[in-house]
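Each of the next two complexes has chain A plus one more chain, namely chain B in the first and chain C in the second.
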Partner chain A sequence: MKVGIPRGLLFYHYYPMWKVFLEGIGAEVITSPPTSKEILNLGTKSSHDDVCLPVKIFFGHTVYLAGRKVDFLFIPRVVAVEKEAYTCPKFLGLPDVVRNTLENLPPLIDATVNVKRKDKSPLKAALEIGKQLGAPVSRIKSAYREACENHWNYRNLMLKGFTPDEAIDILFKERGWEKKEGGRDIKIGVIGHPYNVYDRFPTLDLLGKLEELGVEVVTGEMIRQEDIEHHAQFLPKRLFWSYERDIVGAAFYLIHKRKVDGIINVVSFECGPDSLITELLQSEARRNDNFPMMVITLDEHTGEAGLQTRVEAFVDMLRRRK
Partner chain B sequence: MKGYIGVDVGSVTTKVVVIDEEGNPLGTPVYIRTQGQPIKAIQQGVAMAREDLPKGIEIRGAGTTGSARYLAGVMIGADAIRNEITAHAVAALRLDPSVNTIIEIGGQDSKIIILRNGLVVDFAMNTVCAAGTGSFLDRQAERLGIPIEQFGELALKAKTPVRIAGRCTVFAESDMIHKQQMGFSVEDIIAGLCEALARNYLSNVAKGKKILPPVIFQGGVAANIGIKYAFQRALGCEVLVPPYHNVMGAIGAALLAAEQMRDGRKTRFRGFEVAEMNFESSSFECRGCSNRCEIVEIKSDGKLLARWGDRCGKWEVIER
Partner chain C sequence: MRVTFPHMGNLWLGLKTALQELGHEVIVPPKPSKRTLTLGSQRSPEFACLPLKINLGCFLEALEAGADTIIMAGGVGPCRFGYYGAVQKRILEDLGYNVRFIIFDPPQGRWREFLNDLRRVGNGKPLYKIFSALLFGIRKLEIMDYLEKIGHKIKAREVNKGETTHILEKTLHKLDDASSYREIRRIRKEALEELLSVQRKKIDPLRVAITGEIFVVLEPFVNMDVENELGKMDVEVERALYITDWVKEHLIPSIQGIRKHHLLEKMSKPYLGHFVGGDGQLSVASAVIYAKRKFHGMVHLMPFTCMPEIIAQSILPRVSKDLSFPVLTLVFDEHTGKAGVLTRLEAFVDLLQRRRVVEVH
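On to the complex of A and B.
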């Protein structure tokens, strides 16, 4: 039985956990390749024009997988991952939006995860998925335990400074990764949704560009959750959305503790939550001695030349200040 | 005498300048239209810069900037290939080390650079929209049948500038046509346009930035005295337009090259013969994966100088 996991949105948060669980209950997991022009085109063609770029890309990956004869598409409904907040509204309705927008899809695995409700806990979702795929309960439970463990391994690798792609390679290809060489003179925090920061296509390989310019990069996933939580509390009021709260907490931590020389905030053009949190980050940067921060807004028309110029100028600015 | 050459290849104009070690132009700076053919413009610019150069100048370093900086860098053999923000900031700082704000408006883009104590602390560029840049002014001048050089002078003759929507060029143009058909004078319309552009720049590009004097206004559009006055009115402070305002990027590139050469290394500059060399560019679509990258090759007399445009790096060649 083949289950396809689109390489978009929450993929970067949870892929190792999902893969280990699905394989543990006997499925074969297939993912779409890294985002390319073809995948983006598949996505833009099939979505209406006011959804955000990450959703268009997700649609592209979904259509791609649907054409690869998978038996199921894995698109869970992640409603809440903590008691006090929700995820972005697009995650709440993702399976419905996919079903009502895209045609000729295989059946979806769309179990709901909502930790605010006892009957929608991650374990309950796992049991539901296992049942859908015909696995015995004992096997589901052991697969679930293994998956959770894998999730923490994944998170720990990122805390050590590996990107999701590198961490996934270490976990599943059993490839050792050399720690990146030192000697980089400036450090930049690249802060934003993982599906924007790590997807090399829409960002025109921002992380690669920074690497080439001799910059050490820190992302939100490389920061301990307790530091993120602690610094997010400097907001006068708790944010409604979990992942966005993590972005704010990560940026605040880097600013307050002066952990980096500057921050690049990556946002997508049509993103509602981003439009709010970018303002919060900018005003916090201003309040802290005008901490250097640059916002890069992505859409499908982002031009390479403009981005290159901005990134080079930002790096030059930080370097000449030293 | 030592000289440094700077080349700034923008979307609309190409600038070439040779400076001495202090940053003063030697000979007349070159300012020509790119006309969609950067290779030709670069060669022509280099040839013109040579013509006018005092005898006995030895080029010790070369720098390029502008949106075609990599192309120009490969062609002339640049020691420093740098972005426009840094180049403009370095050139303005050489002129006035106390500058706090640089307004730069070129053919297709506009920037604001905020400096404090001689260092860039913040900057912004227009992102997708070119409203208020040189190309739009060019188009409007042409539509009204006024030489672009007289645009600013005419604006100063206005008695009551009309109100024009500056946020979008499409709306600005229809607004202008409307005002013109209502019978407003050309001077008042042009002055209104200058104010709209200054307003648009301040609310979009300079959004949220603290603009402190001294303010330096550079780039091609700084030649337009109407816009300069509009900025002065909007900001309530003096706006300085430097004598070489339209070639500041090229001066900055040359200064950055000079900075790079301080350790006494040998320049990569190919010499002014670049003007006579044969450069060809060609392109193809790579079919290695679904990204279908468009690869550009630059050759000189059959020899590959550079190739770029691929995302994966398998075609990339840059002669260093």
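On to the complex of A and C.
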């Protein structure tokens, strides 16, 4: 039985967990290749004009997988991952939007995860998925445990400074990675949703560009959750989106503790939550002695030369300030 | 304390009444205008949705007029609206304003905080006084909603276009001045009589539903007066949302509110199996409901970048196709022009008329 996981949106948060779980209950997991022009085009053609870029890319991956004869598409409805917050509204409606926009889809695995409700806990979702794929309960439970463990391994690898791609390689290809050291005089925090920051195509390989310029990069996933939680409390009101709260917490931590020389905030065009938190981040940076911060807005028309120039200028400015 | 609040359709009528009853000096911001929009969008985050920009514009205009306290509704997500207050407060602080914000988060289990805020607004008055002031305000809104519902039917048929709108405007201001239940009952009766005496044509008008994001639906300045424009084209309009519905659903738990919620869930289920914040589920559900009620079409209004409505917008084409029910989505932002909206509305109404002729034959 082949289950396709589109390489977009929450893929970067949970892929190792999903893969281990699905394989544990006897499914074969297929992912789409890294985002490319072809995949983006598939996405922009099939999705609605007004959805944000990450969702368009997700659509591209979904269409790609649907054409690869998978038996199921794995698009869970992740409503809430903590008691006091939701995820983005787009995730709440994602399976429905996919189902009602695209034609000729294989059946979806769209179990709901909502930790605010006892009957929608991750374990219940796992059992539902297992049942859908016809696995015995004992096997589902052991696969679930293993998957959770794997999730923490993945998170720990990212804490150590590996990007999701690298961490996934280490976990599943058992390849060792040497962290590049030396010769890096400035540090930049790259803050944003993982599906924006780590996807090389829409960001035009921002992380690679920074590496080439001799910059040490810190991302939100490399910061301990305690620090993030602690600094997110400086918000005037508790933010009710989990992933965005992490972004704000991470950025506040870097700003307050002066952990980096500057911050690049990567947001996508038409992202609802980002539109508000970017304002909060900029305001916070201004209030902390004009902490250097650059906002890069991504859309499907982002041009390489423009981005390169802005990144270089930002890095030059940070070097001068030193 | 000179209190102000953002505009949303007729909301000001109820809020002003309630706050004045409690002994506050109330500064109602000027009706949203081009200037409100310009002021607001200059100082708002670029990709914030339109309601935030208009809200902020209203605040800036009210501050100019001397307000020092802002009352704002909050929320606990996932729609952005719930975080408006916090962001707007920060923007105003950064602009150098010294202003007090009282943000009302819907109770949803946090009754203590809610009551605390309520006492602050209550101006030292006992709780029952606060409630009776609120109820009086809501009563005025209910009357206005009731009259508007009747007005929609008359607007489509009136001979002299604009007459109904004029009566409603007049009533709105009479209600604003009224200070007792007896007075508002009299105003309601008078307005009703006036509305029913409007000279009407004997036609069977097209029936079109209006749904979407509540702020855009309720605020005529933002939606380019869609309701009246449709009325001018002899179309009978029914709105899926009224201001008192919002109050009943969010402020005062009522059986009506719960029942409506269940209905929406049931109706949108085949297409959208989960709530998505804001009015997204309502928009999908109303397509199903109005198609069943044999309406001729539906106009779906939303602000640019609105997350819940983008989900609805992505799903509506499928609903429309399945039920053979024409839906027109209009997206509004600070660059929307009236001519464009009118052209699209006219084309939509033409299409509906054609469909009707074809059906008859």
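The criterion applied here is as follows: the second predicted complex is superposed on the first by the 322 of 322 C-alpha atoms of A that agree within 3 Å, B and C clash if a C-alpha of one lies under 4 Å from a C-alpha of the other, contacts with A are read in each partner's own complex, and residues count from 1 in each chain.
Simple rule for what comes next: contacts are C-beta pairs under 8 Å (C-beta built on N, C-alpha and C of every residue); 3 or more make two chains touch, one makes a residue touch a chain.
Because the structure is predicted, anything quoted here is derived from the model rather than measured.
In the superposed pair of complexes, A:101 makes contact with chain C only, with no contact to chain B. Of the two partner chains placed by superposition, A:118 touches none, neither chain B nor chain C. Contacts of A:83 after superposition: neither chain B nor chain C is touched. By the touch criterion stated above, A:239 is placed in contact with chain C alone, chain B being left untouched. By the touch criterion stated above, A:173 is placed in contact with neither chain B nor chain C. The larger set of touched chain A residues comes from C, when the choice is between chain B and chain C. By the touch criterion stated above, chain A contacts chain B in their complex at residues 33, 36-39, 200-201, 205, 282, 290, 292, 297, 301, 305-306, 308-310, 312-314, 316-317, 320-321. Residues 67, 82-86, 109, 119-123, 125, 127-128, 208, 289-292, 311 of chain B are the ones touching chain A in the complex.
By the touch rule above, chain C contacts chain A in their complex via residues 45-49, 74-80, 82-83, 85-87, 89-91, 94, 103, 271-278, 280, 304-308, 310-311, 313-315, 317-319, 331.
Residue ranges on chain A touching chain C, taken from their complex, read 47-48, 50-51, 77, 79, 85-90, 92-93, 95-97, 100-101, 112, 235-237, 239-241, 269-276, 278-280, 283, 286.
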